[in-house]
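Shared between the two complexes below is chain A, which pairs with chain B and chain C, respectively.
== the complex of A and B ==
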């Protein structure tokens, strides 16, 4: 096992070990409730990162699939009883596959556009989904929403099953992200993000990879939506298809660092915990949105690439400077004798 | 000599402009064919039609005996037809080595294998050594000089063992030493069996390297023949200098 791989494994084991151990510290209900929401956002940010970070398609429509997952679970349990309490978790993979299948034609159309146009197309999708949920009374009960039977878990440990399922979903999202980074899929996505036309011309399977990534990403998002619906016990269109969900996961991913494994998770923990705290202090009002806007502005100004990429850049720069200083101490290498030799060692004209 | 690439009556219209106007030409196997012409004569549009970046409004493109009209750029690449761009286009946030590896033209199954396997490293390593890019293999492509990016782009399209490579102004914006380097690499790869179609404005480069030369004007070929004949052809002189 290489050193880098060992470090990654250790980091992952420590993080998930800590997450698994947290509930056993007898944390207060409000703390666990806060962690449940933080894990939801961490899993969704990680899923969004596949499309928005690695592929470079800034989707603003992911909340539509969060809502699809929420309604899928709510609708299913209008017709099926909940006995042990774990049934809604068991159907989550089905919910993910369903959302992925719905995402396929959506991506086939939307991903023909790029950048800001793609963002507009996807946010339109979100509002279309919300409007449908409001108006398809016979299925969704419109603004009245749908309720799900309460989970028959012990009140003392009510949050734990949700918490652990969300830890599992986060592990799944991060596992998929890790495998993406380490495979040629990640390499291909990086080329699509940098220059899609060029990537197409060197045989990268651009269309197929974009569809696959989008479907996996929205599938994961919908599974989180399913857990949320069950946890809340009711589903209303304005909350299931809430643009604030999209804005939050985009903001969290930008804050931590797009296209990195840990960036979205870091962003989710920083922002969601701050938001919950702000909402608590400001009496659950919407004032925290002003704080959100301030954070977004600060990120754009100070860390346009996010926390982790900025740190990585600075470390790389420092290492290079240290390397150059070491090189100065050593006897200098003979100068290239010809211009061709200079080019060969990395000289030549700069663009 | 059999034709590796054959274009018949290709036409592409943008609004009221006929960028390529019923062009028919062929590129013989194992040649280094030049495609020259004044600015706006349709060379790059023709490149885009051949490589699947644009669909012709009319006409046919045949490659290696098969009709490939309207086929997408990726499929053509995997069939052995690749190109470079006028402005060197590399992936700036990937390393130099990864820029080569990503151009391997992989199957779906291969996409789910390691990002850079040891066989990828070997294959890319050979090209990096050949193009004098081995010392910068681990740098980000954004850190390379423009000339090195040109070389990297050229090296990358060789990862898929192409039959035909289209080079769009390979010497544009690079220094004289790099022009010689580029010429040497084209000659080496030609000797190894690759056919080239080159759009170029540097006439001395064309005269030294290419045979035959095709001259395009107003979207259609007006001359095709030996480099020595092109300089005295009245149609060509008229196209470049005006009557």
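== the complex of A and C ==
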């Protein structure tokens, strides 16, 4: 085991060990509730990062797939009974596959074009999906929404099953990200992000990889949506297909650092915990919409590359200066803005 | 058949307003390569402002257009200077999408607090008068809205084709690098161009407020509509935006009147997908700067 590999394994074990242990500290319900939502966003940001961070296609439509997952679970349990309480979790993989299949033609059309047209198609998809959820009254019950039977878990530990399933989803998303970074796939995605035509020219399977990444990403997102629907017990079009969900996961990924393993998770924990606090203090008023937009604008202007890459650059710079002082100027990795560095960095773990 | 033609008339009359909004959107893209997701929010904000002017001072929304337009022009220039100009990086197109989305949310938040979240509409004395021609209904407001939008588009045409500033804008749209080499001050063009785009949103917004009831979240409906229009017309082409507006507006109105209003939002998406499959650069997009 190389040193870097051991370090990242240690980091992962520590993080997930802590997450697994947290519920046994007898945390209050509101704390666990907050953690459940934070985990949802962490898992979705990590999934979005695959498309938006590594491949460089900024999807604004992930909330559509969140909604698809939510409605899929809600619709399934209109006709099936919940006995043990774990049935909705069991069908999650099916939900993920379904969303991936829906995502396939969307990606096939949208990813033929450049990144900004891709964003246009995905955001349109989101609004169309919301409109359909409102209008297809016979299936979705429109604005009335759908309800799911409450989970028969004991009230004292009600949040725990959801919590652990979400930890599992987060681990899945991060595991896929880790494998992507460590494998040829990550290198190929980085080359697509840097220059798609050149990547195709040197034999990267651009189209297939883009489709695969998008489908995996939206599949994961829809599974989170399914858990959310079951946790809330109600699905309404305006909450299942909420543009704020899209903007949140994009913002979290940007804040932490896109194209990194830990960035989206860091962003989700910072933003979702503070947002829950903010909503708690400012109430349900529209002020938090303004606060959210302002935070977003500030991050874009002041820290457009995210927390982790900025810190890493700083460290690298310091190390290089120290190295230069000792006359030991090893060729260190170039700053990850250049096209070459994007490819080079994609091969190694960035955070 | 009656429903079809009624839908066609309605769609054609509404097309002018949409063309006005979309021309601003496509202009901003042409100059800066920025897809302005806040265009819809600016339209709704203008609708609210002219609603307030009508309610507080009794100013007719049609007469309020110059006031609102100037106001939104200033706001547009400020937005460009504050939020878009600092994004001088290679991935500006990508970042600007997110920044304008955030601006849209900011405007939505401000509107929700100022005017609450229930539906508002501007009820002028002539709001309900209409003519019936051969059994088809033509509302007066819609006709006027169409005429006024065409006048505004005409003014935009004159501005772009007969003035020095217009020439600088057109040069930037055609080839930003060469324009800069020939002495066009790209920063100033970008700021004024964004202001101009917002001004078209303002003019369209005052008219929109007369035609439809609106609430702060209405801008979400406009985003997909406007985006499908500009992609269909070809990003950066104002003529394309007009043709796109006619196509999108009539087809969605016909779908609404013959099938069901529930499916009319779906037409945008279908049109968008068809364009991207058949002709990704849109009807009038140039190969160099179109969608591909």
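We adopt the following convention: the second predicted complex is superposed on the first by the 327 of 351 C-alpha atoms of A that agree within 3 Å, B and C clash if a C-alpha of one lies under 4 Å from a C-alpha of the other, contacts with A are read in each partner's own complex, and residues count from 1 in each chain.
The definition used in the following text is that a residue touches a chain if its C-beta (ideal position, glycine included) is under 8 Å from a C-beta of that chain, and two chains touch if they have at least 3 such contacts.
The model shown is predicted, which means the values in this text are computed figures rather than measured ones.
Applying the stated contact rule after C-alpha superposition, one finds that A:5 touches neither chain B nor chain C.
Legend: residue contacts after superposition of the two complexes on their common chain; A:322 is shown touching neither chain B nor chain C. If you count the residues of chain A touched by chain B and by chain C, you find the higher number for C. Once chain A of one complex is fitted onto chain A of the other, the partner contacts of A:13 are absent, as it touches neither chain B nor chain C. In the superposed pair of complexes, A:197 makes contact with chain B only, with no contact to chain C. Touch criterion not met for A:101: it reaches neither chain B nor chain C. Of the two partner chains placed by superposition, A:143 touches none, neither chain B nor chain C.
In the superposed pair of complexes, A:311 makes contact with neither chain B nor chain C. Shared contact residues on chain A (touching chain B in one structure, chain C in the other): none found.
Within the complex formed with chain A, the residues of chain C that make contact are 33, 35, 37, 83, 86-87, 89-91, 93-95, 97-99, 101-103, 105-106, 108-110, 112-113, 117, 216, 220-221, 223-224, 227-228, 231, 235, 262-263, 265-266, 268-269, 272-273, 276-277, 280, 291-292.
Those residues of chain B lying in contact with chain A across their complex are 51-53, 72-74, 77-78, 82-83, 85, 89, 91-94, 98, 101-106, 108, 110-116, 132, 135-136, 139, 144-149, 156-157, 159-160, 174-175, 177-178, 180-181. Interface of chain A with chain B (complex): residues 181-188, 190-191, 194-195, 197-206, 208-209, 339-340, 343-351.
Per the touch definition, chain A reaches chain C in the complex via residues 56, 58, 60, 109-110, 112-117, 119-121, 123-125, 127-128, 130-132, 135-136, 243-244, 247, 250-251, 254, 285-287, 289-290, 292-294, 296-297, 300-301, 304, 337.
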